[in-house]
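Okay, so chain A shows up in both of these, paired with chain B first and chain C after.
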Partner chain A sequence: MSVDTMPAAEPLYRSQRLALRYFTAAIALFGVMIVFGLLSAAYYLFPSMLFNTLNFNTSKIMHIDVLVIWLLMAFVGAVYWYLPKELGREMAGIRAAEITFWVFCVAVALVAATFLLVQYGSASEFTLWFINQGRKYVEAPRWAAIGIVAILLVFSWNVVGTCVKARRMTGIMWVMVLDLIPLVVVYLDAFPADTNMSTDLYWWWWLVHMWVESTWEVLIGCIMALVLMDVMGTSRRIVEAWLYIEVMLVLGAGILGLGHHYFWIGTPQYWLAIGGFFSALEPLPLLGMVVHAVYDAGMHRLKTNNQPAFYWITAEALGNFIGAGIWGFMMTLPQINLFSHGTQWTVSHGHFAFYGAYVCGVIAVMYVARQRVTGVPMLAGRTWRWGFGLLNLGMVGMVMALLLAGMAQAFYGRAIGGSTLMAFTTASENLWFKSGMYARMLFGVVFAAGYVALVYDLLRSPRRAPAIAAAPEPA
Partner chain B sequence: MNPAALLETAALMGLLVLAGGGYGGLYGAGRLWSRPALVRAGQACWLLAFAIALLIAVRTPLDVGWKLLILASALVYAVIPPATWRFLQRLHGDEESRP
Partner chain C sequence: MDIEDPSFWRAGAVSTTLVMLVVLAFLSLDSMRYIRAGGINVPPYDVINRHIDYQYDWNRRADVPVIGAPEPLFGQPVSATEAAALMRTGKLVIQSRACMDCHTIFGNGAYYGPDLTKAWLDPAWSQIWMPMTGKSTREEAMVAFLMHPDRYPTWTRAMPDLAITENEARATVAYLKWLSAIDTNGFPANFGRSMR
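On to the complex of A and B.
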């Protein structure tokens, strides 16, 4: 098909334009996150680097807080993208949403500047309000945390308000609306300043765990359901039936899987049993998802008109299974976790699970948006493969290197050395650990190259390939 | 748990889920392309998963409760792929037979 005979891209809803802005911000922050990931990795090779100018902890805060923010932005973008399509009308509260986007960006910039320039403060209320709350992943000072609640409330209003105004409710929207309640409520956990470390961690895990292993899983499940209908033409009845089952299973095992974070923070001993039991169940629904992915991939392989999105969806299903299922299960029983806790082994799982479960999924949505914006009937070609290949290779290489390094720490530093300071130092000098750190850096650079290829492919104007006979239509 | 047992137990736990995933993937691919050999390879993966669970039960120093849980979950692995497949097929079948 020549470019001239291409169907013109249909006009976008305002909320879809806003979604594009969210995707742009998300992908830019993804880059910032990678820069600070590489910097954090470099400290392991050159420990005195930037001493007293920019310490490891600040770099790591930037890396992981930006991770949470860019994924949130991508989720919001994905929902704004699909909302009008799902409900057949412009999003309610679009003006407020447009304003909050800029508020969000300015707040992120201010917090980043505070982290980089001020870095830390005295143990005072002022520090909590204006510099750093000191809780991993959600270090943002209180004013910014309040801002995030406001943004999430506007977002919730957009979703619920659109359903109300459209007088229409689909199964996917029910799941999403119900999910918004815990999504916002557990974030409120980021506020109290409890002086007891155990209770503080107890509630902080509610936020981190309930986000990444429950509410985010449900949200990405809804987003993937919408993508599957869009990209593969899977019928609504199928994706919805599957979504209900997945949500039940993920929440069934995931909520009390929280216990695997309560092993060593001073909580009662029964958490050892609860945490071990429920998290041992967590791989079961993931296994079902693998079968579902094979089924969908096979059934719709020839019908997809968006190859990159298709491959990223498949990577999401497999990555979630391997990163969360296999990597998580390896160290989830208390007898093993006693040794692996807080080593690079955990870091390995954290990277793989976040990447598999969320990053792959949101990249798929970005490709859906790209196809729609450019009006290309068939998104294929070679360039996207570079991003896909390098990002996956970089991630797999990094997590393997981290796994070996972490196992060396658990083996030499904990099991043999008995967790003394001397044993920690010895383990850090161990060849396995050191090689792991070099290999992680190397694969980190591969990952960064993959990011560059991804951005290039998302931004470049596409060569138009011939359309397939019939684009998939949701049944 | 002694140092060697730590690594051995963790590796066996990881391999257990990996073999389960292999079963799911191969079983699905076999059913998809009607290739009984792939389905059988998938079933072999499940046997491997079960053998790993037995090994965990026999060789590792985990408490008996955890061993039972692992054996039970290996048994549940056996039914997940065929049950999921049947469920998906039924949904698709229903869908196609709708007017």
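On to the complex of A and C.
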């Protein structure tokens, strides 16, 4: 749909109403994630805070697990939003999807309550099934992990079933349908408790890397393709060609780029060369996305009827390239990674990558939905700029502060310190490290203020303004 | 060949992905030879009956574990079966207490506490915690610390009390000893060699 034909009063599909519920839950959990992020940052400044009551590990679990869940909810919402539009019919299995939304919400609340109130158990299978699996990112007890598999299966049926019932497949939908296979299959690795830490981490990285650096990248690529056609009126032919290029480069570099996680876990030495080489290629697809975004922006001379969505799409392309690509490359060559791995340098990359690759993208979709729901032909104004500016400033500030702290650790703790407990302590008491931690906290507060501005802008009634006539798009 | 035709890039995407998946499958099969317990880089669990050291290898240009003379943990040799059972419990302790949401192992986890990859070899046990706990061996000092870490703080970032029982603590110590014997391609860097 081109921008000049933006509907003002078309009724929403049921799946789009469900998408709005997913967006609401996602944005609420985004806030929870920020609260526990600030709390986790505060432990570095006030280590005795809540000692033996709510320890750092619980706060950290809440921060990263909620991150995964809110992004997953936002992805599901984005797909539910665009599915009927892309295929021209109501989504298949809508009733099951509506039920699983509430199951999802209740499960998230129960797991959060368990993490906060029970926290840990004895060394038994019972603990893994009902309290905490203790594996980073997938700490949720097994019953909840089974629930996530069930939700992903319903989601997969919604997508595939809608394609079947519509008797229509687009290039974007082919990519999305095929991407559902690893999205579900790789997650099955959330269950084992392998005694051998080397094999445990080997397969755990399939889950973490293949989800975050491959499957999710492809999924957000599909979502961004739909957003670009929607917001900028970009032709399907251009969008699909770029999507295939992105898939080729993301998976071409990313599948063996997995090797940069296999440097130090007991794996053979050849992973140093393979992981280093393919990691160096990983920024390429992300650079392609930047080229694509700049091309589209130039085609439209920065004119759009949905300014917030347009700016968040641009932020996604640049943030993904710099945060995931450049920041990742900066530390993944084994010669550097030997010193940077497992320091706040990694945290710097992690924050920038998740934010650039995913957070900016899903916020863009939320603004698309907001324009459609409110029916304003031109979404502009000033309030959204506060959210955009503060969130980006807060994130860049946190990333730089963490990089400063991480470099101090790599140098003082590893390179000259000797990597022992005493070296870790000495590096953590270093002025550069402590300055970085204070700066991270400060910019974390700026980021939280940006979140408040974002929520305010998403909830308030938009100002009405005339739409911009879109330039004709070359086929 | 029309490079503006999406089907051209579709073919590239499919073929590249398939080739990379096949290569990854072969590399994963080969990697298992190295990382299974008793494999090329990962010792069997009963390595805890031996002395373990970590020395610089000039041929590898990296620190490597050196398995030495018999040195049973807690002075009691264990069979392979008993060692495997200890490791099972030790790993369950690490998961049930979410240790890797404060610490790292092989650099993976969270960064609030120190890396545990070579924790068994850390001089702090003999220099700090043996005198502090009044224990005469490293492993006894580690057990005392793990059971009541908040009684033996050495820094502002103290470890909380996670209700670890004596059996769980002994299994965790065994696990940390086994971990230290894994060849990690020289990670963590310069272990135990401060250049200050």
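Here, the second predicted complex is superposed on the first by the 458 of 475 C-alpha atoms of A that agree within 3 Å, B and C clash if a C-alpha of one lies under 4 Å from a C-alpha of the other, contacts with A are read in each partner's own complex, and residues count from 1 in each chain.
Everything below uses one rule, namely that a contact is a pair of C-beta atoms (placed from the backbone, for glycine too) under 8 Å apart; a residue touches a chain by one contact, two chains touch by 3 or more.
None of these values were measured; they are calculated from a predicted model.
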Next item on the list: Kindly say whether there is room for both chain B and chain C on chain A in the superposition, answering fit or clash.
Entry: fit
Notebook entry, point to check: For A:321, is the partner it touches chain B (first), chain C (second), both, or none of the two (neither)?
Noted result: first
Checklist line | chain B versus chain C as contact partner of A:131, first or second or both or neither | finding: second
Note to self: Under the stated touch criterion, which partner chain does A:241 make contact with: chain B (first), chain C (second), both, or neither?
What the structure shows: both
Notebook entry, point to check: Quick one: angle from chain B through chain A to chain C, Cα centres, nearest 10°?
Noted result: 90
Notebook entry, point to check: Which partner does A:252 contact after superposing on A: first (chain B), second (chain C), both, neither?
Noted result: second
Margin query: For A:421 in the superposed arrangement: first (chain B), second (chain C), both or neither?
Written below: second
Next item on the list: Look at the residues of chain A and decide whether chain B or chain C touches more of them.
Entry: C
Next item on the list: Go through the superposed model and pick first if A:267 touches only chain B, second if only chain C, both, or neither.
Entry: second
Note to self: Quick check for you: in the superposed arrangement, does A:339 touch first (chain B), second (chain C), both or neither?
What the structure shows: both
Notebook entry, point to check: How far apart, in whole Å, are the nearest Cα atoms of chain B and chain C in the superposition?
Noted result: 5
Next item on the list: Kindly list the residues of chain A that each of chain B and chain C touches, one partner per complex.
Entry: 237, 241, 338-339, 415-416
Checklist line | For the chain A and chain C complex, residues of the former touching the latter | finding: 43-44, 47-48, 51-52, 55-58, 60-61, 120-125, 127-128, 131-136, 139, 171, 174-175, 193-202, 237, 240-241, 244-245, 247-248, 251-252, 255-256, 258-259, 261-272, 274, 338-339, 341-344, 346-347, 414-425, 428
Next item on the list: Flag every residue of chain A that touches chain B in the complex, lowest number first.
Entry: 235, 237-238, 241-242, 273, 276-277, 280-281, 283-284, 287-288, 290-292, 294-295, 298-299, 321-322, 325-327, 329-331, 333, 335-336, 338-340, 407, 410-411, 415-416, 475
Check: Once bound in the complex, which stretches of chain C touch chain A?
Finding: 4-6, 8-10, 12-13, 16-17, 20-21, 23-24, 27-28, 30-32, 34-37, 40-42, 84, 87-89, 91-102, 104-115, 117-119, 122-124, 150, 154-158, 160-163, 165, 168, 171, 179, 182-196
Next item on the list: Would you pull the chain B residues touching chain A in the complex into a rising list?
Entry: 1-3, 6-7, 9-11, 13-14, 16-18, 20-21, 24-25, 27-29, 32-33, 61-63, 65-66, 69-70, 73, 76-77, 80-81, 84-85, 88, 91-92, 94-95
